[in-house]
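Take a look at the structure below.
Chains here go by letter, A, B and C, matching the order in which they are written, and residues are numbered from 1 within each.
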Amino acid sequence: MGDFWFEFVDITQIVGDGLLFGATYALIGIGFSLIFGAMGKLNMTYAAASLAGAYVGLAAFTFVDAPALAVFLVSALASGLIGFVVYVACFRFIPINNHLAALMASVGALFFVDEIIIHTTDGSPLTFPAMFDYVMLELGPYGVRGDLLFVFAVCIISTVGLLYVLYRSRLGLATRAVSQQDVAARLCGIDVHRTNAVTFVLAGLLGGIAGAMTAAAVGVLSPLITIPLTVKGLIVTVIGGLGSIPGAIAAGLLVGGLENVFLYFRGVNERDMYVLLLLFVFLVFRPHGIFGSAINRD
Amino acid sequence: MAYYLGLVQLIGIHTLLGLSAYILMLTGQLSLGQAGFFAIGAYSAGILTVIFQLPILPALFIGALIAAFFAFLVGFPALRVKGLMLVVATIAFSEFVRLFFFNLSWRVPRGDIVVGPDSTNGFREIRYFVANGWSAWEITAFVWVFVVLVMALLWWSDRSRTGSVLRAVGEDELAAQSVGVNLTAVKVAAMTAGGFIAGIGGGLYAHTATYVDHLTFTVLLATFAIAYPILGGLSSVFGTLVAVIFIQGVLVEGLRFLGDWRNIVFGLMIIAAMNLKPSGLFDAPTARILKRAIGLDERGKTGA
Amino acid sequence: MLELRGLSKHFGGVKALDGLDLTVDEGEIFGLIGPNGSGKSTTINVICGVYGQTAGTVRFRGELMDGQPPHRRLRAGIARTFQNIRLFPNLTVWQNLWVAQNSHQDIARQGFLPRWLGTTRQTRKEIAGLLELADLGHKGDDLAANLAFGEQRRLEFARAAAARPKLLLLDEPAAGMSRVEIDDLSRRIRRVRESGVTVLLVEHVMELVMGVTERIAVLNFGNRIAFGTPSEVQHNQAVQEAYLGSSSPEPRPAGRKS
């Protein structure tokens, strides 16, 4: 009985840690979903741009010794800027109904960003500074890592901020209008290109925070994590239902929680395989995701 | 000389990879999973010649069958998703395969050494060609026999009713269904054929390279696979061949002086190409002009 | 021949079809008319298996069609055309017909390999015949996309005929046609019927429907409001009201294609 109790505590602890960390996946998923919602397209560069933002934040820390909060801010701004550039380079001038070309272009941008990172860092992983001292909150039998709690809190705050912008500001109104009926929105005098650009920047800001968060929680930044983070972000987006923000949040937490369980039972090398299997399970049994509508999307 | 023969082999192998994506694209399915089938073919054929000591031909054939079998399995869930969702699903499949081989360790003693896939250290000693004393010329010819066979078969079926049915599905699924085309059968068959062709390519790759590891089969390779037919256009298999020669022969070789910076230029070139020619460099009008120029206009031959 | 019983199709809260009963007899030309959004196209889509019905049954030559995918229904003998022409634009005219040879008879006669990797003399002769009938004899090698509008309509008609149907569903085939073209179309429809094919014609253009059909059913709000010969229907009170909208029982659902 005692063993069982400890096992139970262990596993709930693991799930809890995973859920906290899953908040970063949720942010990445929200970013993909925002852009998909606005344009019906996938921006494959997104996760790479988020990590690139984190690299810029790291540079700010290394060279000018910026304080923790500034590091996140710089990361967010840099990633937002990259988001804008990616929009102009890969989406703005490609015909709106040519999904394939935009997708390929953003894959090209993904390699470009990835290679830039590899070149400036010589391809070796860099240590990302722990933003705070090691804190452990005791909660009965559980311990909560202070940094993970902080990651979680920042993610919640940025999500709430995003939702506020989307649902309470004129800008957000335009974004939502374009995502629902872009022709009608255009007829109402909304500048679709500007709105799309703003969506990319917003998603980029969010991604920069997520990138810095991931790096802060893991303690290391490496070009090796761009593709896995891209894939994980896509998985979260699909499991949540393409274009659904609440879906992305739920799926991010789900993936974070389960991933830690897989890690506990099967080790780090096999962990991601099971996360991918999770995607296939969803594709077979619930192809429209957790909150996806039953509309067939092309 | 050996260096250039190696390049010719690589062009042949990448043509197979591109053709595996080409046949899928005819049916309107865009797959970023061809690297996965390529990997399955490579590891399977390698294991068969190294661990089971099979000759190369049966090893390639069985490896391709295994890849085709997995493509067949992937084909069914892939039916339920379209467009961008299919892209995501196939990327995930490809990554799954890569991680599987990343974890696969199957070491068997052979004489005084231990051979077989060694998870993160990769799969070395796929030395069938060397062990049997094949010259570089012979290996190159061997590779191209497969390339020519596959191209001839695809070219032939493209001109027959098969090609029309595949293209009909790619153009309008609803209309194709309504004239009696069995969508499930056609799409799964295209996926399976694509898996088989990628599997042959993978098997040949493993044996010409003598060494593979999971980093060979990344999303980058899958992107190359679809980049060839996109660049070469879907009007005929020769477009894919031309695109492979252009990318692997001219670009990769021509940009060698850039050294490490080559890949950066690559990313930029993909972006530029998609902005300037969103429907492929050799899109339908270009392809028609090219074909007329070399006297190979095949549109409009009615009976095959 | 074709028997619809209590057929319903709901899209969310919208009842596109609501308990439709309809019987089409062998060898007749049956007209289905109704205002926009009355459920005409939905009927065709349900008969072909593009949509599954919410309730009710579709019987074709006594056989239950429920749950059969579209290609099976075609092989059983149900072919169709589309309201907004859906050819394969980048295939040639010839290839468009080639793809459509999917009747049981063709599959059995051609043999697997010649069917997929070659052609038989018989196949070529038949496609040539179809082209001739559609007055497209000289256009076999043109891309379908490059045909004129009227030619595209004729090609789609021929493509449906290529499947050797027993029942042909025509979804507004006269839309956008001139007077002369409509006359030509009605001749084609009669000729198809003479070759033993039953025709279900969904149409807005009254001169075609009234000229060519023997019996007509009128739909409104997913149900049948009138039934009879063309002249009976023309003088039916309910039909006139449905078209003029004088006493609609409920507001017409907006923004939905019929």
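FYI, contacts are C-beta pairs under 8 Å (C-beta built on N, C-alpha and C of every residue); 3 or more make two chains touch, one makes a residue touch a chain.
Just so we're clear, the structure is a prediction, and the values are computed from it rather than from any experiment.
Central chain (C-alpha centroid nearest the global protein C-alpha centroid): B.
Among the remaining chains, the Cα-based centre furthest from that of subunit A is the centre of C. For this pair, subunit A with subunit B, the centres built from the Cα atoms lie 31 Å apart. Per-chain Cα centroids separate subunit A from subunit C by 49 Å. Separation between the centroids of subunit B and subunit C, computed from CA atoms only, is 42 Å. Not a single residue in subunit C touches at least two other chains.
Of all the residues in subunit B, the ones that touch subunit C in their complex are 156-157, 160-162, 164-165, 167-168, 171-172, 174-184, 284, 299-304.
Across the interface of their complex, subunit B is touched by residues 36, 41-42, 89-90, 93-95, 98-105, 107-116, 119, 227-228, 230-231, 234-235, 237-238, 242, 269-270, 272-273, 276-277, 279-280, 283-284, 287, 296-298 of subunit A. Residues of subunit B that touch subunit A in their complex: 30, 77, 80-85, 87-89, 91-93, 95-96, 99-100, 102-103, 119-120, 218-220, 223, 226-227, 230, 260-261, 263-264, 266-271, 274-275, 278-279. Touching subunit B in their complex are the following residues of subunit C: 48, 50, 69-71, 74-75, 79-80, 82, 86-92, 94-96, 98-103, 115-119, 124, 140-143, 159-160, 162-163.
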